[in-house]
């Protein structure tokens, strides 16, 4: 459903500190699969993730998405071509696609301090302008499924590592995205929580979603439900096993 | 449309909560902002109210006053001229006026001594303004002495004080009988200070003024409207001067606002990065910043406006009065009639909220254009 | 210069708006030269980010421009007491040749800024910024107009000299003061001055070309406006009313045609612009008379005062909204063929049409209600 064609991404081009994070990646990812990008830090897998997740524009190359796989509503949902090229979409369109299609879980979790768990989970829904009551109910239901139903008004600073992880997952699922993207999700978790995390991923796969995870943790890329492991090094694909 | 409203509501909610989370930083800005509004507002309200006050007072002034000039200098006018002027067609009445300045060495102040056109006090008695009553510590039935131009000291009984309805003019006023006046100042019987003229038709004033000059070439007529205009211009000018001086304060505030808007804390930068990463667009972040500016401006503007109102109309503008009123050593303690209209509020708004908003546009934008993937890369 | 606080405020706002637009057009030049949506280079990304800033700046500029327009009229009104013969804003604006041109430029710039924002909105609905170059070309055209407006406004205030006593020896009527007769003449009220200049024009009976020439010359002086005013006041009321209703009908018919059938869009746009001009003339010609209930009081600014219930605000607001939205429909017409806009453009144009019709309906409604409900009659209604 997501195709990358000879994609390159560079930073600080034209300056002495220039470097290419991703240099010439061609990739096709299928729907309803769990794909892991494996590689050491600095290999460019985070940049690759952000390119796949429509968070960044490639310096060169093309990225296309299958129109039928896009999240509900939003711009560009209706149209003739089966594939949409997102390479040169203006930011508002890209963001529109991204917020409905992709749910992100960051390595640092990146929850906003000073506001409650519920408010954190609600945030991705605000730009979409749905009725507040509807959105709130959905958020509370999500937190319930993650066992955090009684912690909705707790400050995020008071949560344990595992709880915070689950809040981040709930937030990622807020807009019901078909694709989950996770960057080093188990970096701050112990083994038990890591296994729990992969169980959740399995559950999501059963629901029909796609998962793309970047990790160098064997617990992740060696897990049973993983369909495909792509090895990344120095911004290029080294290996591709199914 | 409904979804746009819902979206704005949510963003506004978030903005309020984020403002409240950073109270410390925003309170400083609020106070400085309100102070600037207060300073400019005080200057504005004061001068506008004074203009109105002067206009109200001048309403009672004679429509035209004829003065005599001697070698370009102001000289007493022969009483006989009044008869000649009253014969001009269109003039209802032309009466001589007697008034002058008296320098009181005791307090170092100038009094205006005047023979009122109606109900003058009887001989030996005077009516004084509140300012004089205060500075010389005299009240009804006391004796006040004045030194005449012949060197003799004369005693007058204070018959009463002038009610303080418009202290602007009456604070240093002394009302006296005609004979006493002529005696005090050794003023010849055939002369008067000037001649007050009343006319039938306002529109004919310029024509009549021309006729006066033609008939009596050593005089100059002054029309009330001219005086009103001149006072207006003077107050406007004074107010404008103060404002221009306050431009320096305004500029400093604008730079401060720019700095505050640009200097996002690491925490704020992180928050914006997270918002962009989870699906907020640049324009949404700019919306947050716009609402922030709106709330800050609203509270600061209202607060400063209220403070300026209280300062000018209840505190008699104690901070500014010397610079803006100053012509007499006696400062009348009077209440300025509250007078604020939407036009003044609009001017104040343009001078404060608009520069503040413009100063924050570019910093807000800079904060909003953070790349969504920046938070992943860090 | 008169240091009136209103003048200081206006100069400050104009200065800021000019700065914002010049700053934006500077980037506009860069965008026109280097824009390439297909490239993912950092320069392109920076340009895209810059467009957000320019949109924000232009939105604020429009807002401030409308505020500046109202403030300008109010300041002129509040200054009238400083000039002999000036009864209200209309008189003050006549005090030197830059008063009315500044006002007209303000109105023009407001309309242009509004049109720019409409094009900007349409451009943002498409996924490939189809109108980007045209948009910024328009901005570069607007920039010198804004600068001109600020300069003309500044000149207006600089040239102003209050008729006040400036010398302790002089007064307006003593022989020592110059321009005595000029001062006398300036006492003639607004209306009569117009009849005076008409008499002048008729006496000298210029040829058409001389008239046009003097109009061009006088475009930056009050003479052309005095000429327009005399034509307006000389116009028989019936003709003006007929013109008013005719253009109103034309606008509504073509607007409804466009809304329901999608035809006559350009005609509608043209009609809306025409109606704006006709409405302005009508305000001067007969509408103001009905509000003031005086056959000679034609001042368009007194309607904004409290005495008349601030009716000027809804009148002029609806007129300005109408003309911007109506002209917007026409301005977007050339882009109907653009593929990426094919989905959104018709809807935008229809919405603008609706807004225009509602605004003009409001305007006409207020006017007609007044004409019908008042006892005052010009012998027509």
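Should a chain be cited, it is by its letter among A, B and C, assigned in written order, with residues numbered from 1 in that chain.
In this section, a contact is a pair of C-beta atoms (placed from the backbone, for glycine too) under 8 Å apart; a residue touches a chain by one contact, two chains touch by 3 or more.
All figures in this text were calculated on a predicted structure; none of them were measured in a lab.
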Mutual neighbours - chains that touch chain B and chain C alike: A
Most remote chain, CA-based centroid, reference being chain A: B
Centre-of-Cα separation between chain C and chain B, whole angstrom: 33
Centre distance in Å when chain A and chain C are each reduced to the mean of their C-alpha atoms: 52
Centre-of-Cα separation between chain B and chain A, whole angstrom: 64
Sites on chain A at which at least two other chains make contact: 91-92
Chain B residues counted as touching two or more neighbouring chains: 282-283
Interface residues, chain A side, partner chain C - complex: 13, 57-60, 75-76, 87-93
Contact footprint of chain A on chain C as seen in their complex: 37-38, 40-42, 45, 48, 124, 127-129
Residue numbers on chain B that touch chain C, as the complex places them: 43-44, 47-48, 69, 72, 74, 206, 209-210, 213, 220-223, 225-230, 232-233, 236-237, 239-241, 243-244, 282-283, 286, 343-344, 346-347, 350-351, 354-355, 357-358, 361-362, 364-365, 368-369
List of chain A residues in touch with chain B within their complex: 46-47, 49-50, 55-56, 91-92, 95, 98-99, 104, 106-108, 110-115, 119, 123-124, 126-132, 171, 175, 183
Residue numbers on chain B that touch chain A, as the complex places them: 2-7, 9-11, 14, 17, 21, 267, 270-271, 273-275, 277-284, 371-373, 375-378
